[in-house]
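Both complexes shown next keep subunit A, but they swap its partner, so subunit B is in the first and subunit C is in the second.
Right, the complex of A and B next:
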């Protein structure tokens, strides 16, 4: 529960969210490489999701890449959430 | 036929050790969170895994061919329980130990998504035990251990892994480490 995250729900949004568990993430930067359109790296190396906080909407065309990022994250900090 | 098996058994052992060495180096690089020249981070992770699996395949051939060899005098139990071998039980036992460790490491790595990152990590640390044990087995058990090419090979592998380990333990090993702990300290 991250109450401060902006609610990413809106009619036009994609149906899958990429959830980042910050307690697990170690900022290794694999996900930012695989999903450069979705995630940038902050100055400490952690992923930065352009205003979406911990739940980043994944457009359909990036779904495969997001799945790869989930399975390759060395800390298993990423999950995909259907909504 | 026996000659061929013997040659294959020895050769695959050396290739397996070489591949394991490369995988250890890539694993350490992977842990640092850095790319390898043009190879992005996720590719380093994938190559690390694939090279380890290839090494495992060569290890399997190493075991099967030497099982069929009369000189090595292997019994099935020697694949699982260390230090019971008929010939050179200590050095063979190190090989068995390395196989056991390797099985645990590979299986937990492949099941990482199921067993969770803690168990995976705890078992993966055993690689630092497995690699030297495998190297010692190759030196003590290998009939090529006295040959110049083998000494050069073993020395190259050892220097590479020791240097990587030195880097692993050094400050600034992890990318962004210096930024994260603060440049002032």
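Right, the complex of A and C next:
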């Protein structure tokens, strides 16, 4: 995944989104272990980010962890999207 | 002296006056269509069509209400410039059980829909053109297509029968020979859709309006309706004890007027469901609201696909809502965990409330589940279902209280 350098104009505002493909997600929960600050689990085990649905803004300091989550997801349900 | 133009082939045709537009032809055949509306302009280029649609203010009639010109503009300019790249789809899947207007339109005025498809396809130099419609209208539409040489390139396909069959990416899947279920999308269909081609999908009523705008222009289109909802729209109107009727009404018509026009006694209604099973309730006191975005916004509703269903004041709304929520839970495509699990859970809590379980935590549990499913699917099915359920709790708060207190006296059938 090729990530752009952070845009100085929006340093406070994450420019990368973690996209969850719900049609692939099986609720294995690996992403919620790698990104506990970003993702909780709902009562069925699916990743849950309060305030966001399928596209979760990733703060810069969590970009590496988000990249790991993408590559380690056993269902390949995650992608990073540059806004 | 010059000869008068030959008017026997195409006599000059006046633009339809009043609110009878899409339904102006007295018969569905091509001859009647041509004498009613006149010939379709030979070619409208994409810039001219885009400008006309923008000036018209036409919004999509499939439910989401996306401006028609924006969808056209969303096809990348490089694709619009190249010929034979784009796929154009007319969508009449109409999976919503309360809607009948698309099927009615295809039976009454199929040639307007065909004209709309040809107008858009011509403007974009389309690679292929599809008409996706329910089994019940295929024969009639097939006859209409066979009546004209210019429609030979339109492929008629049978729509899948499910609530979500009309969702744009589900239509694309169906046409590609895959399961007719929504796709997860990170790029728009207008960039990459059927076979990876830029794909422009319009509801068939939207296409029929486009056919008239191409002929009579944006100013004519706006001459009926309100600023917020210009033109006419087809509505499917029904209520307890009244079979549904499809009408063409001016945009921004008062909802009570539309209901009364079909013979519904609005004095006997507790509310009207606006926008179908993914819509929201308009309480009886608000029936003079206009069928437009501005008036409906406060109730979480929008004109959508033009569905108005009156609920009689004797019917228990919680029972009705529980049945609808149960139906919608069963219509999940089964792909996305929060929808697969959350919708049946939400419906089950609503059924407990409807049955008379007096646990005061039930409404809060419905709200919690609605919040959990919202935004967490690859299509809007969980969001629409949550909207309907939340609207029920808000508009029928007194009925919820009556159930929790154990004294709902309404008809629970």
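Operating definition for what follows: the second predicted complex is superposed on the first by the 71 of 83 C-alpha atoms of A that agree within 3 Å, B and C clash if a C-alpha of one lies under 4 Å from a C-alpha of the other, contacts with A are read in each partner's own complex, and residues count from 1 in each chain.
One rule holds for everything that comes next: a residue touches a chain if its C-beta (ideal position, glycine included) is under 8 Å from a C-beta of that chain, and two chains touch if they have at least 3 such contacts.
None of these values were measured; they are calculated from a predicted model.
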Checklist entry - Superposed on subunit A, are subunit B and subunit C clashing or fitting side by side? => result fit
Next on the checklist: Under the stated touch criterion, which partner chain does A:33 make contact with: subunit B (first), subunit C (second), both, or neither?
Outcome noted: first
Next on the checklist: For A:24, using the defined touch cut-off, is the partner it touches subunit B, subunit C, both, or neither? Pick first, second, both or neither.
Outcome noted: both
Checklist entry - Touch check for A:60: first (subunit B), second (subunit C), both, or neither? => result neither
Next on the checklist: Which partner chains sit in contact with A:82 here, subunit B, subunit C, both or neither? Use first/second/both/neither.
Outcome noted: neither
Item to check | Partner chain in contact with A:71 - subunit B first, subunit C second, else both or neither | outcome: first
Next on the checklist: Contact-wise, after the overlay, does A:52 reach subunit B, subunit C, both or neither (first, second, both, neither)?
Outcome noted: second
Checklist entry - In whole Å, what is the nearest CA distance you get between subunit B and subunit C after the fit? => result 7
Checklist outcome for this item: Interface residues of subunit A shared by subunit B and subunit C, listed 24, 26-27, 43-45
Next on the checklist: Which stretch or stretches of subunit A touch subunit B in the complex?
Outcome noted: 24, 26-30, 33-34, 43-45, 68-69, 71-72, 74-76
Checklist entry - How about subunit C: which of its residues touch subunit A in the complex? => result 182-184, 186, 335-339, 341-342, 372, 374-378
Checklist entry - Which residues, counting only subunit B, touch subunit A once they are in their complex? => result 30-31, 33, 35, 40-42, 45-46, 112-113, 116-117, 175-176, 179-180
Item to check | subunit C partner contacts - residues on subunit A that touch it in the complex | outcome: 19-27, 42-46, 48, 52-54, 79, 81
